[in-house]
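The following pair of complexes shares a single chain, chain A, combined with chain B in the former and chain C in the latter.
And now, the complex of A and B:
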């Protein structure tokens, strides 16, 4: 029983890790229709920034860690503003293949920047003291970070969903996503919506990078590992759909977790099995369009 | 087309060279004899394996500078011609062919076994020699052996049997063992070699039968290892062998801490992460024994080891060089001694010399076994623990060093590695 509960918890934390990575990616795709390959690169920059700021301030508490994560989010959001101004804006009038090439080039640029500033050696961000331990109930062990990352995923999803579904800003964003020409006609500043969407998408990458930095090693290739899973969630969930990405992340997380646990001879395989199976059943993804 | 007289001369020269005119080539060789002796350095300088390839390069460069300061080889300076293989066999073969084609027949480096296997297949045709400083696949000195290939570092069989022997001697009471290994050939080989050592040395040294629980496989490059850690927590084992490496090992250890894995595990043996994981995790690093190819603290009686350490600190400001620095250094030293002995850089002459010379390295004198070109060198490991007070963030608590010849497999080139105790 404990084993099943542990696997369930691991699946949820895996899913939330993927959702945190996929959230910004999904937002940008849903509204700009740009598949941002560099998302993992900017997430990685968020993680490295959190390493540097944390080490400089010798931060050790949860509150400091959260403040640093917000600062990283803002910093990467600002980088997003630059990317929007100098790259994404130029991609509007060209075919989609150009956006793939441009964002892939940005990813390589991110890796180069990380190598120049932080070097190629692996780095590790120590967890704040509150997240280093575990909550135990009898034989059942729940690492504090696992609970924390699940909470972060839920909070980020709740805020994004609320803003997109229940606020006027959200309605405007949706209208731009569905028909930018018509949205412009009724007086919505389409360019501003697009710019802010990119900034928010990148800020989410920075936030995810900083929050997840204590979970794994930092290296110039860390962005690629996470982003493959995030793309999986995006495809399964329905491209550009935040609710779809959330449901898909949780579903893929649970299937991967139970698969890895009960068929341990093929670690990691179940993610791809789940991906293929879901797409065979629902080729259009779990949900469609921006909701 | 305007062909000048000089072009015609060039063409005639090239044609003569292709025809293989011995006298003309001999003449060229004599004319160039005071040119620098070029050694091709092919290794992973970018990509996921760069943390191994870069220190290898530092070691090789230190050796080159030391040899040149001492007057060079047979009056010639040496020079590294550096190529990045990005851990890709295709890139490596292009680099090796290009180097061999431009007369750089003595080559070294290589992190990845896949790269080494691809290169060895073409060495004979390209009339080149390769000394690898990592590339631990047993196939290289076994079923895929080729006379043009040499491994200057220890192999997993000797190193891991040594580690098992040291564990049996030190921790005889910890006799229930399992492992966490990467899900590819390297993971399985390392586990088999370590298990072979446990099955041999626990009965003979600890006077106890070991209980082996099959090692758990982990996904290469994963971001989440919690399920495998959960499974490990349920195993009836109190000693754990880990051959997960690099960033994956950092992630694994970080995620294992909250589960109390390092309390459950009385002894943790990390096969080959040297100081890489310790430098990343710093004070977070749990106590463990870690395999290494060279630790300067274990060779303080050797002036060469001390000199390389001093030079490493001067160049990188890092007082904890990894063993790959030592192996990069050793490969250059092997070529230097062999070329001195052979009096030539001609491939066959250098191969014959490499088979017979003993050369100085940071781990003391070393030689290649004639039969399979495996180097015989000391094997060692150190016990590391994160520390809040140490300037590096961790302490080297102690080390164990033993002669490699006591643990190495018998030379059987052309035949696969066989085990006496493990059923593969």
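And now, the complex of A and C:
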């Protein structure tokens, strides 16, 4: 029983890790219709920034950790503004596969920058003191940082969903995502919406990087490992659909976690088994038509 | 630029092919063994990129899992070359067949179900599966890689013995293979099958109305492309003599896409230019950690933003612009026209 609960917890934490990566990605895809490889790179930069700031300030408490995460989010959001201005804005003229490769070039660039600044060795961020222990529920022991990652995923999803579905800003973003031309006709400043959405997407990448530094070790390949799983979740959930991405992340996380219990020699195998199987059964993703 | 045009003319192809052959033939004369090895890698990657471009540039399918076919071919050839008396011919055949069979199997399920981004991610997922299986399989050397791959000796009809343990001999053999492959792929690209593929890229519905079995043609092209990738892998095995799961990783699937887009997909020679530029940059910046990525990333970004159409697209556009400038001048000044004709001659 405890084993099953632990597997469930691991699956949820894996799913939330993927969702935190996929959240900003989904936002940017919804608006630009480009699978943004560089999202993983900027997420990685967010994680490394939080490592450096945390080490400088000798931060130890959870509140400091969260404040640093917000600072990283703002910093990566600013980088996103630059990328939007100098790269994404020019990509409107070129075909889809060239846009894809431009974002891949940015990912390679991010990896190079990380290697130059922080080196190629694995680094790890010491978790805040509050997250070092474990929560006991009867016989069951849950590591605090796992619960923390799950909570972060839930909070980010709740806020994003509320903003997109319930506020005027969110409705503007949705209208631009669905039909930019029509949105322009009814008086929405389409370019401003595009720019700000990209900035928000990048800020989410920075936030996710900083938050995930509690359960990921930092290395120059961190970004590319996470981005592929996030692509999977996005595709399964239906592109550009936050709720779909959330459901798909959790589902894929749980399948992977339970699969790993049965085939412990090959961790992570079931993520791709599930991804391929779902795409073969429903080639357009789970949530098509449910938007 | 009209994306549907195949930009090099047949007349231009022969000098380009000859120049490339001469360039590679001369490498062992002026280069050190390290560079000869790199040139061998370039030949492998050229075969990989050309076979990828048949489905990408010509048939318009975005596969993100070509590393799977390259790795199948490489590991199949690697296993064949581990025995006591290995045969290179068998290893190459096994590699091509393994790549083709893998592509046929994946294509059969993936092409029927998905297209566009979904097809790309589906092929990626299936390739990642293979990557994980290879890196956990003891027979294939797990994460440490497959070692002990022998470079064989070949008896040519009892007349000459080629000793492939010599780096230069192996290089020339790879050159012959790559040239034969390049010729075959060129014939396919410009022959009737290539035209059918181009028609499908431009408009699958109309192609179907013309009586083309779109699904079957796509599957055949995909399998052939996988066979080419498998052959590239089989050429790589004796060259590297060590195969790690890296060759099945998704970033290896991104390589041929980079080559094709860097060089230009609409031209047959675009991917070759992409390979040469990419490997050249990587070689020039190899000594400083991280610099290689920064230079390659920045170059790619620059090419995509400045020449949407790749290097080959950029060159042909510049050539066309020069011609039109000459024509404009000529209408005003007949003397300039005569002068430009002399220059062209």
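List of remarks:
We take it that the second predicted complex is superposed on the first by the 284 of 291 C-alpha atoms of A that agree within 3 Å, B and C clash if a C-alpha of one lies under 4 Å from a C-alpha of the other, contacts with A are read in each partner's own complex, and residues count from 1 in each chain.
Heads up, the rule we're going with is that a contact is a pair of C-beta atoms (placed from the backbone, for glycine too) under 8 Å apart; a residue touches a chain by one contact, two chains touch by 3 or more.
Bear in mind that the values here come from a model prediction, so they are computed numbers and not experimental data.
After superposition onto chain A, the partners chain B and chain C occupy overlapping space and clash.
Once the two complexes are overlaid on the shared chain, A:7 sits against chain B while remaining clear of chain C.
By the document's definition of touching, of the two partners only chain B reaches A:222; chain C does not. By the touch criterion defined above, A:265 reaches both chain B and chain C. In the overlay built on the shared chain, the residue A:257 is in contact with chain B alone; chain C does not reach it. Of the two partner chains, chain B and chain C are each touched by A:120. Chain C is struck by only one stretch of chain B after the chain A overlay, and of the options 4-12, 112-120, 166-174 or 346-354 that stretch is 112-120. Shared interface residues of chain A, touching chain B in one complex and chain C in the other, are 115, 120, 265-266, 268. By the touch criterion given at the top, residues 35, 87, 90-91, 93-95, 97-99, 101-102, 104-116, 119-120, 224, 228, 231-232, 235, 239, 265-266, 268-269, 272-273, 275-276, 279-280, 283-285 of chain A touch chain C in their complex. For chain A in complex with chain B, the residues that touch the partner chain are 3, 6-7, 10, 13-14, 17, 115, 120-124, 126-127, 132-134, 141, 143-146, 214-219, 221-222, 225-226, 229, 257, 260-261, 264-268. Taken together, the chain B residues at the contact with chain A in this complex read 46-48, 50-51, 54, 183, 216-219, 221-224, 226-228, 230-231, 233-234, 246-251, 254-255, 257-260, 276-277, 279-284.
Chain contact summary for the complex, chain C toward chain A: residues 3, 56, 62, 109, 113-114, 117-118, 121-122, 124-126, 128-129, 132-133, 136, 250-251, 254, 257-258, 261, 289-301, 304-305, 308.
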